[in-house]
Amino acid sequence: MTVRFAILGAGRIGQVHARAVAATPGAKLVAIADPMADAAKAVADQYGCEIRTIDAIRDSNDVDAVAICTPTDTHADLIEAFARAGKAVFCEKPVDLSVERVKECLKTVTEEGAALMVGFQRRFDPDFMALKKAIDDGQIGKVEMISLISRDPGAPPADYIKRSGGIFRDMTIHDFDVARWLLDEEVATVQASASVLTDPAIKELGDYDSLNVILTTASGKQCTISNTRRASYGYDQRIEVHGSEGSVSAENHREARIEIANANGYTRPPLLNFFMSRYTAAYANEIAAFVDAVANGTPMPTTGDDGLKALELADAALKSVQTGNAVRIS
Amino acid sequence: MTVRFAILGAGRIGQVHARAVAATPGAKLVAIADPMADAAKAVADQYGCEIRTIDAIRDSNDVDAVAICTPTDTHADLIEAFARAGKAVFCEKPVDLSVERVKECLKTVTEEGAALMVGFQRRFDPDFMALKKAIDDGQIGKVEMISLISRDPGAPPADYIKRSGGIFRDMTIHDFDVARWLLDEEVATVQASASVLTDPAIKELGDYDSLNVILTTASGKQCTISNTRRASYGYDQRIEVHGSEGSVSAENHREARIEIANANGYTRPPLLNFFMSRYTAAYANEIAAFVDAVANGTPMPTTGDDGLKALELADAALKSVQTGNAVRIS
Amino acid sequence: MTVRFAILGAGRIGQVHARAVAATPGAKLVAIADPMADAAKAVADQYGCEIRTIDAIRDSNDVDAVAICTPTDTHADLIEAFARAGKAVFCEKPVDLSVERVKECLKTVTEEGAALMVGFQRRFDPDFMALKKAIDDGQIGKVEMISLISRDPGAPPADYIKRSGGIFRDMTIHDFDVARWLLDEEVATVQASASVLTDPAIKELGDYDSLNVILTTASGKQCTISNTRRASYGYDQRIEVHGSEGSVSAENHREARIEIANANGYTRPPLLNFFMSRYTAAYANEIAAFVDAVANGTPMPTTGDDGLKALELADAALKSVQTGNAVRIS
Amino acid sequence: MTVRFAILGAGRIGQVHARAVAATPGAKLVAIADPMADAAKAVADQYGCEIRTIDAIRDSNDVDAVAICTPTDTHADLIEAFARAGKAVFCEKPVDLSVERVKECLKTVTEEGAALMVGFQRRFDPDFMALKKAIDDGQIGKVEMISLISRDPGAPPADYIKRSGGIFRDMTIHDFDVARWLLDEEVATVQASASVLTDPAIKELGDYDSLNVILTTASGKQCTISNTRRASYGYDQRIEVHGSEGSVSAENHREARIEIANANGYTRPPLLNFFMSRYTAAYANEIAAFVDAVANGTPMPTTGDDGLKALELADAALKSVQTGNAVRIS
């Protein structure tokens, strides 16, 4: 079965997914929707698909699945609409910034028996998959302690921060998902510290730019997360998992695999500077996994519940920063 | 201008180039030719192009350029035929195993004023390009000594070895080309030692599996090449260039960027095990560079003369092994 | 001036310091004291010094300085006795496991105007000194976030744990000192999580074996500490400091600087497995720094107050584990 | 048995060996000889030994062994004199720059039944020993190809070069010895290329500064050596051994084990810049091995014959450069 696809939104991430769909055997890009006519046309021209409105896509008989790549505040409504229309839905995280709204939306999805995948692309990164496989193969024994370090090259614009729900819901949320994936046990308590070190403007927006989190499970496994909005050396994405019999870690990706030696020392290039170039393969694998699940009617690899649980951890971390107390996850 | 492309040969490398053409903006895959109907059909289906005979492609008005991906002993004839037909020609190395035949073929190309690119994909590898750029940017001063290490995971089948012209013309030829590219000065003398260490069957075929070469230029720059047909840890491809003010090297590519630590130590995965996965980006860049040169009428980045000179170095190295003497390149 | 030295205690660490004194220009080992006659004799024979009782050393006119290498519960008394006797005192951490007792002891030292150095050898490790120098030289801008990872190869015997004061006071205390050294600002709040993952016997002793700590300063700088008693790959000692303009990290030390590549991948040896081989140079530098301060009458590089503050952080971390709350340092 | 030691020559290398003797259990430094009274006194003061003339040492009953650390042109005479006097002799390479003189000297040593160790410290470097052990333990299968890269930070003074016998006899000789040690089979042919790239003054002295060598054994094993007198990034000392089932390599030693990341990339410090700091442990191990062999009457780990064979390879390489031909070793 070929999965006939439409993309809602022709912005940056919509283009990434359009390319991924075009390159995925078993998928066919049928339509693109975007209120910006130029953006929609660019995608339509490049991949030979039609331009339709979102409503028209919802009502199309030749569309099996959609990827929602529109602004965050439209996600929940669109998920519900397309779930009701019987389409399989891929949605970029988050479903919504409000836990209540997410729960309501997921209830609808369940009632409609719809297929929903919430995008957490890191789980599909080839290196992180190899790391997870090493754990699952028993190469490090039982997982005990995890260290996640994620540093952005620079803060997003103030406008984006305002609408983002703050660093925990926008940036750390990826780490919360990775933590849940690798701990393989739900988090019991969250402790966090956060501050503003890079730009006072972020403080004025009521957000943070530098933070550390400790997640602890009921059995005592621990995971730390360290985030900052500013790393001069590029987009820093590291995972290290310590187990009873060993440890496994994933390296960063650089601009080139070269090293220059001179009187100043041995220098390798900075890291890739942008999440889209860093996670090119992850985005492609993510869409391929969605297509595979749709085509075979198998469970989605990342679900609405994964989106919800990561959001709940973000809320808990924020509360821990504000109170100084460890916050229990019920 | 869109460069309309045909591929001659739908085998392993033909498929690689078909994919590259399909992914190159400004190029369009029009036709595929292969005596194996199934192979041709697979490519035609995947990329939506026609199946034609080689003769038909030669006579097609809607084909601007061809990639010759047929067996080596057909290369020179096809280059001549398509040069005469006014097509731009991309041909995988080698043009021919005989220096005389190569010279004759290149003479025809020149007389016809045809555009010919001989494929040496390593020059288009992103890491090697970054290494070359570091040199050209003056980051290591003047180039003095180069070390090239190329090790295959395993020897090709005996049948292939028989038709390959031997390890110097089949495998080392890539290193000869890289040496010329990086030395930026023609080689004056060749010294080489070779032996059979991995498989006596290779000796029976009159070939070698392990070799070292020293190339020296008139100004005294030196380049060593170390090759073996068997590396248990994968496809080993290293370059190190030492200059008056520094050094630059390129790292290998691994199966995944992870590391596992346990009581046995710290282990990273083996190298990618196949030249096509190692040089995926290089093959794509190579075709893009050809398309760019055809579209703009600019000189080819690697020429028939590059193919000829690398072959002459291969012949010289073989002669040095047989005589023990340094062989002068005139 | 030659600093005439006596060592109190000829055990493991006493021997390390005896060797360090013998190798330090400007120092002379005069006497060793130990109730175990064999142990004292071994040191006396190797370095050509006398055997004396602790009391005799205290009353000796030919001893300028002592290193206290006796059991922890004797430290405070001995510091006071030798301070009163006018000797310069080097004491291994901790002064005592009780903050009150430490304060009382330091009061005596101050009243006597005695010179006291409390040993935190990590500050004298050549790599960590190079890391600190890079920070002080402004190479990473302003310090923002620090990650300390310290993992022991295996837990100490139950008997030792019982007397150790627990993992925070015995093991993490080194990280607390390093944190203070590198943050260059006192810690304002401590958050910690701890559990028992490696051995239920540790739980029965009321201690932990796996923990993570977040330290936050008034200005918002953060430092995480991750400790476990069991690392299959050796004695893991890492520091990474992230600043406004860059980052600096220190690597682990391996058994040998070799790498073996085969079909299983690329393997480097495990880490050095013992803190004394890992910190050989640090112990020597530490004694040399003490000797230098004594000889020149300059301030001690690490003081009783450093010992006190690290202990207070240990107590705070323990309290945070027990209450779940962030603990303020006054 | 305690080996009673005298050092002939209190220069740079004499001091290194004096320190090694002082630190070696089972050895005792009895006397130092040097025509420069100050130099001799400095050693005598530091290690508490006597100052004697070379003749007095030769005739001393309380000296079992000597280390010859005098200028090269005195080595052979002194070896003969002390062999005749019944002393065990450690001599820095080379015995002499003339193969004939070396043979004559070794003949005397044999006739006297004297114990002679010729110093090739690299065999005693802990990393290289670990590398050799990996080979001997069968971890890489059968040795097939070796790559030795040795680069000095800068050329020695012209005066030194004049008396050194040239780069092959002074610098490459260490690589020839390492090659013999690791190949575990004598070299059959030598091919070499050499030039002057760093300083025309070296050409005027009739020497080279940049060279590559291929050594081939009768069974076809190959070893390359790459030397240059100028590496801007420090003292570069690498070994890589490729075998039938794997490969083993040794890393360089840096000034510190730190890495700084910033917008320019990830930078580790340059290499140690001086052979004595790089090979500190090797020099100590070398003397300990000599002492051990003297004390136990066991064979010397590196012999006069090792010194002779390395010198013969140096002569052969020079001849290959001059003639362009592979030179056979008989």
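Just so it is clear, A, B, C and D label the chains in written order, and each chain counts residues from 1 on its own.
We take it that a contact is a pair of C-beta atoms (placed from the backbone, for glycine too) under 8 Å apart; a residue touches a chain by one contact, two chains touch by 3 or more.
Values in this document were obtained by computation on a predicted structure and should not be read as measured data.
Peer 1: Of the other chains, whose C-alpha centre is the longest way from the centre of chain C?
Peer 2: The chain farthest from chain C, judged by C-alpha centres, is B.
Peer 1: Counting C-beta pairs in contact, does A-D beat B-D or the other way around?
Peer 2: B-D
Peer 1: Using the average of all C-alpha atoms in each chain as its centre, how far is it in Å between chain A and chain D?
Peer 2: Roughly 58 Å, centre to centre.
Peer 1: Hey, how far is the Cα centre of chain B from the one of chain D, in Å?
Peer 2: Each chain reduced to its C-alpha mean, chain B and chain D end up 42 Å apart.
Peer 1: Indicate the residues of chain D shared as contacts by at least two other chains.
Peer 2: As it turns out, chain D has residues touching two or more other chains at 232-233, 245-247, 261-263, 269.
Peer 1: Within their complex, state which residues of chain B touch chain C.
Peer 2: The contact residues of chain B facing chain C are 232-233, 254, 261-270.
Peer 1: Contact residues on chain D for chain C in the complex?
Peer 2: Residues 126-127, 130-131, 134, 139-140, 245-253, 255-263, 269 of chain D touch chain C in their complex.
Peer 1: Which chain B residues qualify as touching chain D in the complex?
Peer 2: Going through chain B, the ones touching chain D are 141-142, 144-145, 147, 149, 151, 189, 191-193, 195-198, 210-212, 214, 216, 219-222, 224, 226, 228, 230-233, 242, 244-247, 324-326.
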